[in-house]
Amino acid sequence: MAKILMKGNEAVAEAAIRSGCRLYFAYPITPQSELIEYMARMMPKVDGTFIQAESEIAAINMVYGAAGCGKRVMTSSSSPGISLKMEGISYIAGAELPCVIINVQRGGPGLGDIQPAQGDYFQATKGGGHGDYRLIVLAPSSVQEFADMAADAFDLADKYRNPVMILADGMLGQMMEPVEFRPAKSDEEVAEMWKQHKSWCINPNEDGDKKHHHEINSLEIDPLVLEKHVNNLSKKYAEIKKNEIRYEKYELSDDNEILCVAWGTASRVVKSAINELKKEGKSIGLVRPINVWPFPYDEIAKAIGPKVKKIYVFELNTGQMVDDVKIAAAGKVPVEFWGKVGGVVFTPAEIKEKLEAALKE
Amino acid sequence: MEIIATRPESLTQTPFTYCPGCLHGVAHRLIAEAIDEHGLINKMAGVAPVGCSVFAYKFFNMDMAEAAHGRAPAVATGIKRARPDMHVFTYQGDGDLAAIGTAEIVHAANRGEHISVFFVNNAIYGMTGGQMAPTTLPDMKTTTSPYGRNTDDIGFPIRVCELLATLIAPYYIERVSLLSPADILKAKKAVNKAIQYNKEGRGFTFVEFISTCPTNWGMDPIKSRDWAKENMLPFFKTGCYRDKGKGVE
Amino acid sequence: MSRITVDPNYCKGCGLCIAACPKKIIRFSENINAKGYHYAEGFEQEKCIACKMCYVTCPDVAITVEK
Amino acid sequence: MTTEMICAGFGGQGVLTIGKFIAQASMKEGKNVSWLPSYGPEMRGGTANVSTVVSDEAIASPIVSFPDILVALNQPSIDKFAPMIRPGGILIYNTSMCPNGCKREDITQISAPMSDIANEIGNPMVLNMLAIGVIIGKTALIKYETIADDLTSYMKAKNPELLELNLKAIKRGIEIGKS
Amino acid sequence: MAKILMKGNEAVAEAAIRSGCRLYFAYPITPQSELIEYMARMMPKVDGTFIQAESEIAAINMVYGAAGCGKRVMTSSSSPGISLKMEGISYIAGAELPCVIINVQRGGPGLGDIQPAQGDYFQATKGGGHGDYRLIVLAPSSVQEFADMAADAFDLADKYRNPVMILADGMLGQMMEPVEFRPAKSDEEVAEMWKQHKSWCINPNEDGDKKHHHEINSLEIDPLVLEKHVNNLSKKYAEIKKNEIRYEKYELSDDNEILCVAWGTASRVVKSAINELKKEGKSIGLVRPINVWPFPYDEIAKAIGPKVKKIYVFELNTGQMVDDVKIAAAGKVPVEFWGKVGGVVFTPAEIKEKLEAALKE
Amino acid sequence: MEIIATRPESLTQTPFTYCPGCLHGVAHRLIAEAIDEHGLINKMAGVAPVGCSVFAYKFFNMDMAEAAHGRAPAVATGIKRARPDMHVFTYQGDGDLAAIGTAEIVHAANRGEHISVFFVNNAIYGMTGGQMAPTTLPDMKTTTSPYGRNTDDIGFPIRVCELLATLIAPYYIERVSLLSPADILKAKKAVNKAIQYNKEGRGFTFVEFISTCPTNWGMDPIKSRDWAKENMLPFFKTGCYRDKGKGVE
Amino acid sequence: MSRITVDPNYCKGCGLCIAACPKKIIRFSENINAKGYHYAEGFEQEKCIACKMCYVTCPDVAITVEK
Amino acid sequence: MTTEMICAGFGGQGVLTIGKFIAQASMKEGKNVSWLPSYGPEMRGGTANVSTVVSDEAIASPIVSFPDILVALNQPSIDKFAPMIRPGGILIYNTSMCPNGCKREDITQISAPMSDIANEIGNPMVLNMLAIGVIIGKTALIKYETIADDLTSYMKAKNPELLELNLKAIKRGIEIGKS
């Protein structure tokens, strides 16, 4: 397939459809509305379901229902709308339902603005909803990756029976870049896919089995039973931590004087600054967590080269992932943070300046 | 001798967790019977609410989902859209449906979602210990209206059938009572009609049951029925508010 | 000839069937069940007219009617 | 090499399309590209703008703070973005809608009454194609053939007449750009 | 005042009223319903407002309105209900409105159960809502402290124009302990208190000032303006971090072989185990964060005595505060975690066993 | 010469951010005039929604709160309960009020909350770029109903006045149009009545404006008014649905 | 004697006042305002009957009517 | 010293009140106390229970896993909690509702047909006061006077007759406890 120039919001929608998503429920919000509009146009063409829900809350609960049928289902929103889904997400995680949730982040808190930001890292990775649960969280940094992650997200969701979030931002949603799609699943493949969940999901009792009774549920009124359930969830999360760490190494070497850590959109800008400094003979490495949960703690620790005197974390927020980096660094080298907020995206020049100052220290 | 009445197949063997004399059980049985009678047990999925009937997912003998408080109609929408070959119902209390779930029921009804909604109105939050519901009667005392529901301050009970009947899409809306054997027999007809229309793919069907909460009303089961007859029925008029199958619009 | 059976595992002794029976042939048992309720039981079953009113009223679906 | 461009104008002038065609053609010519519009209610009634980056390398940030090229179809766009053009950069503007022009002397300025010329060509809608032509004429950022192919495959069946007008506008723009 | 034996849910409600709270909006949920029921009974007696909102979302938005009038206002719920408030809380933080939110935590995720748990630590301290904001979070460990914190919470909320959360749990809500109340504010004091907010809050334009125009708002559509706003919030949070660290030291000494960190209900059980071990001649210290945000990072670091070979964190969750403790420890000593979940509360015997094992290592 | 008509005091000097010809501005002016005329400028507080009128907090010359999407009636409740001595209104669009905010408007109305709600129905989500609203007409194309609103699939527009009129507490409910100068003059009367009742502490008052969205409908201001007259008015009947002051129940 | 004044800072040239004026004495100015709109202006003001229809229709409250 | 107690029975038997009065009296006698009920839907129709801790020291955890004293007013309560009584602890139970009793021999058992005695005294509602009396008689955990004062100040005005019955029940319980 040739590359197509496409908006991130549309590319991820297209990729989701190609991966077998035939159910999508959402509520409009800037800067993700092209995603819902793309689905509105395209779902009827693939005999899929698009419903504009009455609210983000209704949307996530429609997802709960459809995911309870083992079908590939997705919702999307942007920061304030994602906050409204917190109860629903906790339910979905508790009931172990596979689904994909996209957050095209914007500036906050509150109504904030509609420009790109990374202020929802904590919410996505630490559980903005109540109780002990985890989302698998993928953080794209280009339109191509955004699209690829749609496919990955559905596979991960099915594999672990766990909700997966793609944590993008307004820039990735609104920008166009060339994108190449993976081959689309055939109608037959799509029709068959849910069967991997047949043993637990809602489905017609075709052979009239008297014992056919599946419960989609997160309630266990007996604390000892709930304890067991939560412990099982923990085991699953441990498994995910073992298998699903994904990160990019950029210019890592034993010469690195500084190690940068950045994710998503922010990482692009940091790379740019690193390139500039490289031209000036400075060695700076970058670890970019691709999955921000599970988080590459050990991998970051290992990336601290012998000459590294500082880890520098750059985010489009007031400092969130930096906490995880501090845990990873475990006091080996100091961890510094710098960020921009409110929907303002830092420039390569600004990052370069920060790094230069740090090099001089 | 032949068995002429016994537990319907569409109920599991699990005993209900309701208080003695609580009419949730009657509503359950009527729904289960209708599913049996229409031969839908293998194609039906139900959605339980949060409320005393939260454990309905254990009581109905089919695939069931337990929804977040108030969101059963949205969950049912998700199920029905994912599985158009199945039939879907929700079961909800008055706090669940008429308070926190107001938007979800209005919009599922307005979309004409092809589901059946069974709504048990007992004028109180049973599960959480007797707080005021949107359907709590004027001057009625509950743990959060300890001096009686003051209509000057917080208004009157919501009549859900009347409200939903202002929407165009719903196919069938009826209010029935569970307060006497005769009423239950009438209620059975309404439930059967809802399930029949559901089977036929007609659209959104809705049955409200006027019920009781002996425990939180602080009355024995028989007294609570009488109280409901005297106090709820005059306000919540039973009857058919919409039946497109019969031209009642 | 008709009769009813009350399953003590389901019955909670609410008494609604007793009130519903036109023949007044249901009463509370002297025994209690596992949950501590005096469950209902039929008596003078020859009077039973199989009207099913007891079944219809029972919120715990504890009654079986035979005819 | 990396070229960073901003196109700006009133909502209806098709500035987003300028960026899109440039990005698309550059992509076909094997470059890395990115296209990032201004978005949200600020667009309403007001001005629209788009940042386009074309590069041989991976594109770090699609945000253009200091453009190499600014295409300004109205005066507010000059007022807002011209001060940020890199010294030595290029300003292309539409004198029909930019009465005050731009005072900077450390940049190359190319201007023409583009709205009037578009009308002349026969359709005010070809304004943006005209601008694309000017870019090609001035910078050789993309080839005429690439964009002509693009347009042809896209419009030939649907609207051959408009296609002709568009191609004409691009050619006319190239002349302006070269002059 | 003599001590009264009272449920935590009721004690905190009474304390709130005494501190001048005259507006309370909430929705019933176990195990916090006694709180709403107490308010239903008592608010009419003090000419206050109690409204049972149609949902937790409506409740938090009523709080937004009343707090926008500078009045002392409160809401309460338990875990799933708190998740529903996330958008609203982010708005309140963004608009810098003073108010008090109580979370009587229960077991999660999803509907979970109704027994005590501490699974909402992340949500409370890291911002379960979107964007960069912080709540001041107070974590009581007894009914007395729960009640005292109501008064503290209102004062902090007013001082910093920031929402304050009291992060309790079902045990603290349901249990009775003796409680002594601080003196109640007089009606006049209550009537006057809002005036500290007169310059920004909604209030009648008594002197007909033509410029009287206050905006209660979290929207700044211009990212540069939002950036400034968020940076100002950050400055405020820095100020709070400087002033409002609160923690309890328990049996800390240079002899400590293990340092425990625990909060809320969990800390009571840990203390009990420490006492037992003390009798056996073992020295184990405890730091109990009283405010869990801001978090006593430095104080924990300082509490690591010379003989401490391990920090042991105990929580009623799968490990949340432990992340903050790791940051505090910065690799100096290993940090271990043990917890119980699902509404099960660990016993002193279980904690003792864990500590004994650790002592032997 | 004397000024007989000019910007009311209850509007700030800030120019509206609406598109040319967007009737939000007319609704704003009517409300501001009514506040002026009833002398309430110093005792009034307003609540802006999320929608094109999100910046209403900048346009009304009094204390204003900007509410989360759909929650204006809850915010207004908080304000009114905290400041019973003030008068409170909300201003909301159809997405805000009739979609995400369904529960909040129904319950504020049902409580008979002493506020005035002004509801601008333009059958679309203006702010976010023209998505379908609950009030979008059958077969109408929007960016999320690109093939026209399919009533078989997602039902019919919600008529909010009719729905709220099933509740007992609301004091005044009227639907008016802004589609011609004559209609605007009628609308002015309704707005004035709502504000007057509000001033007198009568209870919940509600005015729905049939309006336009030239930008997202893709029509010029005049054409969009004509389109609305032809298509919206037959469905959304103007008139008084409740006026307890005049015995209209 | 009456007249109207249109404040160009508010006017967005929507034309609704022009359509509303019974006397047809409002038109678009040849000038544009800061936002690029040809704003409305009154002409032949001696014909103005101070009916206020222009004011009533104007969504941007840009018109003042004097009498 | 710390005494941990569980009181359990059917919903209507007033077991929560037993714990509350013990806790309240202990508090008045200068002890630290805590009272923690079982709560939630499990109570509905089923059994209720409450953990009460009385101590000279600060109370670490109000949860009682291994009670020193169990008051069981029905058989299910014995079945559920008696196995957890600390060796050497006390089981007080109501033979009227506990047909099977308890088989443990490493604890002290005190039993009486308390429901019947309560009826004898004149009101089945005084069952819980009777149980309080038994606790006092057996353990001297609190003083009769403290609880009598409590009850008096609380009920004298409202219901002097019931007060008398209650005090009578406590005294009778004390006798049983001492015997």
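Order of writing sets the chain letters: A, B, C, D, E, F, G and H. Residues in each chain are counted from 1.
One rule holds for everything that comes next: a residue touches a chain if its C-beta (ideal position, glycine included) is under 8 Å from a C-beta of that chain, and two chains touch if they have at least 3 such contacts.
Just so we're clear, the structure is a prediction, and the values are computed from it rather than from any experiment.
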| item | value |
| --- | --- |
| Farthest chain relative to chain A (centres taken as mean CA coordinates) | C |
| Which of E-H and A-B has more C-beta contact pairs | A-B |
| Computed distance of Cα centres, chain G from chain E, in Å | 58 |
| Intercentroid distance (Cα basis), chain E paired with chain A, Å | 29 |
| CA centroid of chain A to CA centroid of chain G, Å | 53 |
| Contacts with 2+ other chains: residues of chain C | 12 |
| Multi-partner residues of chain E (at least 2 other chains) | 30, 51, 54-55, 57, 80, 87, 91, 95, 110-111, 113-115, 217-219, 221 |
| Set of chain H residues in contact with two or more other chains | 40-41, 45 |
| Of all residues in chain A, those that touch chain F in their complex | 27-30, 33, 36-37, 40-41, 44, 50-52, 54-56, 80, 110-111 |
| Contact set on chain A toward chain B in their complex | 23, 25, 49, 51, 53-55, 57-59, 61-69, 71, 73, 87-88, 91, 95, 201-206, 208, 212-219 |
| Chain B to chain F touching residues, read off their complex | 99-103, 106-107, 110-112, 134, 151-156, 158-159, 162-163, 165-169 |
| Complex interface listing, chain F residues touching chain G | 1-8, 11, 15-16, 18-26, 28-29, 181, 184-185, 220-222, 225 |
| Chain E partner contacts - residues on chain B that touch it in the complex | 50, 54, 66, 68-70, 95, 99-100, 102, 125, 127-129, 131-132, 134, 143-147, 154 |
